[in-house]
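Letters A, B, C and D name the chains as they come in the text, with residue numbers starting at 1 for each one.
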Amino acid sequence: MGQPVAEVSGYTATSTELIVSVAARALAGKRRVFAGVGLPTLAVDLAQRTVNPDVELVYESGVCAAHPTSMPESIGDAVIVAGAEAVLSMQALFGYVLQGGHIDVGFLGAAQIDRFGSLNTSFIGDARSPRVRLPGAGGAPEIMMNAAEVFVIMRRHDHGSFPAELDFCTSPSPVRACASGLGLPHRGMGVSTVITPLGTLERPSAFAELELISVHEGVSVDEVRAATGWDLKVADDVRVTMPPSDESIRLLREEIDTVRLYLR
Amino acid sequence: MGQPVAEVSGYTATSTELIVSVAARALAGKRRVFAGVGLPTLAVDLAQRTVNPDVELVYESGVCAAHPTSMPESIGDAVIVAGAEAVLSMQALFGYVLQGGHIDVGFLGAAQIDRFGSLNTSFIGDARSPRVRLPGAGGAPEIMMNAAEVFVIMRRHDHGSFPAELDFCTSPSPVRACASGLGLPHRGMGVSTVITPLGTLERPSAFAELELISVHEGVSVDEVRAATGWDLKVADDVRVTMPPSDESIRLLREEIDTVRLYLR
Amino acid sequence: MSHDKVLSMTEAIRRFVSDGMTVALEGFTHLIPYSAAHEIIRQQKRDLTLCRMTPDIISDQLIAAGCVSKLVASFFASGSAGSLYEIRRRVESLVPEALEVEEYSHYGMVSRYHAGASGMPFAPLRSYSGSDMPDLNPLLKVVDNPYGEGTVYVVPALNPDVTIIHAQRADRSGNTQMWGVLGAQQEAAYAATRTIVVVEEIVDGAVVRADPNRTIVPAHVVDAVVLSRRGAHPSYVQGGYDRDGEFYREWTAISHEPERLRQWLQDWVYDLKDSDDYAEKLGPEKWAALAVSDRPSGVVNYGSSR
Amino acid sequence: MSHDKVLSMTEAIRRFVSDGMTVALEGFTHLIPYSAAHEIIRQQKRDLTLCRMTPDIISDQLIAAGCVSKLVASFFASGSAGSLYEIRRRVESLVPEALEVEEYSHYGMVSRYHAGASGMPFAPLRSYSGSDMPDLNPLLKVVDNPYGEGTVYVVPALNPDVTIIHAQRADRSGNTQMWGVLGAQQEAAYAATRTIVVVEEIVDGAVVRADPNRTIVPAHVVDAVVLSRRGAHPSYVQGGYDRDGEFYREWTAISHEPERLRQWLQDWVYDLKDSDDYAEKLGPEKWAALAVSDRPSGVVNYGSSR
């Protein structure tokens, strides 16, 4: 592991590896990425090793332009601090870097996402007596309000996770924020890209709805429609998602997540 | 200069030296002092060498618990930074240290002071076309609003500097702030002590007016009354100000302000 | 200033933490004050309102030990490492009893400490527009924007009775220096009525004064300095020891079984006297696995001419 | 990130400072960007709105050279060293012409930069209740306190077109490290559309990355890095050279006579090419008098286990 693998070929990507690879590819050309815990950690790491060596990794712990020498297990790990270009106070990180509008792409996960890209990371069931207590807000509302765009990685794609209506809205889309009539507007467009085990969805602008733009190999458009809790908009030219390269899979397995912390 | 002066006696204090010595004495028992530029610099330095070796000097540049090895020429000098216990951001200094209520005594000077201890450091004449443009606010409004008490050193005591009405109020007393009906109230009592070339005035509480409590040697109560632009309240038991010790004068001249920057 | 504030952990917790208090234990992934929490558990403090941005395992432990009646927080998992089942049981099935929760986003919590430290009633931020969070937490309010249209969300000041933080080093009077991830420790210390600083090392004042920009929490807001080497385990200390990822992953299983959790508290908290005991029980192999490399910061010059 | 942003002073000012812009030159007694101001004077920029907490001599010079039509500031003298007569002439006798002034307190200015950096329309503070300052400056407003009685004063965001700061060191991509008095430089840089960083030394990225907590302004908000050794004279650089108190005291006399001030600008700005010329003209005796002692910060360890 870590040694060059000269003649790799024929890796079969797991669903997680596929998702991570698609996310990494979408980071091509993006300058400054707010990297969360979990699959986003893998995606930005993979992007940095493939399509975007110059991407700047920013973590909500205050670390800017991290150069981690191994995979961080949390967004405040010692390995992202050592050798970083800056470690800022959380006030400066959330206030100046994030609210100041310096993040190009924020990465979020969610238990539920709605048609316009609002996210629930708080509760399944009634918030006042929840069936499942999810991790909650963290910095997600700030990332959603302030990043120029947000990539969402969903581990599931079904009616539970793509409902007609969220059980709870933790991090709102611009559509929902605007409708509330309260508070300052989003700095960016909210969610631009959603990557799921079935395909890729995109929103072209702040007030647009999610649109299916690619299905993964072996998945039909109808399957995706059926798995989505609303009448899913489908692009005229839905493609089949380009599969991850063998090299991407090799990097993920043998260099990035060697302990299979996130590739589970 | 700096060498021990064994048999000093009979120094005659200048007006400035008298004022500084009185101010230094008033610092006995105070823990944390916000030290401004000018005579306050001399007063806190003298206090630290005499009545209050443990006083903590805080400067608006962010320096806390300075241990200057020579007299600072500004509130952000290299000599107060080197060897200080902490150098904070200005946000932390003004927000957390000052607004947070950690300053026991703030030192201010002024061109004008009124009956309740409001200060003018901005304009003589009409503010919109001033006869004299004074230095302005600086951190004075913040010191006035947030220090537990404020000492004021006045270089003059006459109708111009103790007027019935200020030409402009830069840093308000609690009386004035309360009357405005706007903004948050003072954290402390505003001005507690005013030291002038004629005597010492005090306010016992946030809404009290200034009261003459001592006259300097050779000054009569009537002289102070006549020099004050309002009907000055006089304590029943006005004392004669205790003159500075020879040692205080020696320290000021030979160890503290050897370049006579402020003792002019 | 030169006041000596060094106390034993037992004495610091006994003197400054009382039943019913609002207690902030801050440290964002880094420098989490575990040894202080364990002493709070040993002293059986009750009815605390615990404030922590990321509750982390430390909150699961304090709650399981019956110290906490209310949690004020912005995240309810343990980083990537999984669920905090004690918290989940309290919230999802009210077992063994309900836990009151007051919930913010991360910047909401930072801003609350900032407002508290600044003597302000509130701090404004760009979050919450369109979120359901204000429905659940009526303390999320708006003010009118006097410079334009519309409104701005604000969060209220948070002023803990006590803030406890863990740091790399302090002098005996409490000047506290940290490096690496700084979290909301400065704000939380200034916001509190009392502050306890737990450190890996007590250093001479000259060490602090050689690098005054490194002082994050000055002595004037510190009430007690407690020496507790390795007291941040299983979290980490930059330049000291690394995060114990293995234990973080184990906790999901430990906390999943109430009986196992109780046994863990017995073995690792109640049966031990202090963090020295705890470090010893962890054993030399664990500490060897968590040992860190040498990455020196370099030196800067603070010289002046006079 | 690894983008090389090093420019000559001439090029940086030419490219990023245009007539009519709002320009912040920050540095609170320490690290005042004199050499950048002198280049602005040489390039005869006009109609600038100059933002500086303490105008200092640098503002008197820029105003006397005709570069500035409006001053946004919180103090109008030069520390202890006396008056800034060019400013006083403009304000008191409108000679040679009026100068528009927008006035705050120090924390008002810090809070304006903070709001600007934070993407907020305003920041709240405890100042101004009962002061006449709001009468003079209608941008000082109040909002209702939603958590209690009464109102809270707020100041509006300040977002300069360009912020220029001077620092001890930066790498070629713009990661800027400072120590000693930090002023409002971080806030002012984040608040601005463009930031020029002038440094005493350009260092390898490895130097910066050895001590990331020392980075006050990260590369992502820096547009130009300019090397200008001794360019902060007559202000000072902690660990570099001391404040030239003698010149600060002389300025009162220089600025008192418009003709003498004009001659000073001729001799010390227009007739010189850059800050190297200026430093040379000051001469070795001056620099010897301003030389600083060695007060090393000590070293901390950033090591991690992996």
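Note that contacts are C-beta pairs under 8 Å (C-beta built on N, C-alpha and C of every residue); 3 or more make two chains touch, one makes a residue touch a chain.
Note that the structure is predicted; figures quoted are calculated from it, not measured.
A comparison of the A-D and A-C interfaces places the larger number of contacting C-beta pairs at A-C. Relative to chain C, the most remote chain by averaged C-alpha coordinates is B. Distance between chain C and chain D, defined via averaged C-alpha coordinates, is recorded as 36 Å. Between the CA-based centres of chain B and chain C the separation comes to 40 Å, rounded to the whole angstrom.
Averaged C-alpha coordinates put the centre of chain A at 28 Å from the centre of chain C. Residues of chain A found to touch two or more other chains are 63, 77-78, 81-83, 87, 91, 95, 99, 146, 184, 187.
Among the residues of chain D, those in touch with two or more other chains are 114, 119-121, 125-126, 142, 145, 152, 179-180, 182, 186-187, 213, 236, 238, 242, 292, 295, 302-306. Checking each pair of chains for touch leaves A-C, A-D, B-C, B-D, C-D.
The part of chain A that touches chain D in the complex is made up of residues 31-32, 54-56, 63-65, 67, 69-70, 77-79, 81-88, 92, 95-97, 99-102, 146, 184, 187. Listing the residues of chain B that touch chain D in their complex gives 37-38, 41, 60-63, 73-78, 81-83, 87, 89-91, 94-95, 98-99, 118, 122, 127-128, 130-142, 145-146, 168-187, 261-262.
Those residues of chain D that touch chain B in the complex are listed here as 28-30, 54, 73-77, 79-81, 87-88, 91-92, 103-108, 110, 114, 125-136, 142, 145, 150-153, 179-184, 186-187, 236, 238, 242-243, 245, 248, 292, 295. On chain C, the positions that touch chain B within their shared complex are 1-2, 114, 117-121, 171, 173, 175, 186-187, 190-191, 205, 208-209, 212-213, 215, 218-221, 302-306. Per the touch definition, chain C reaches chain D in the complex via residues 119-126, 139, 141-148, 152, 154, 156-157, 168, 177, 179-180, 182, 207, 210-211, 213-214, 236, 238-242, 289-306.
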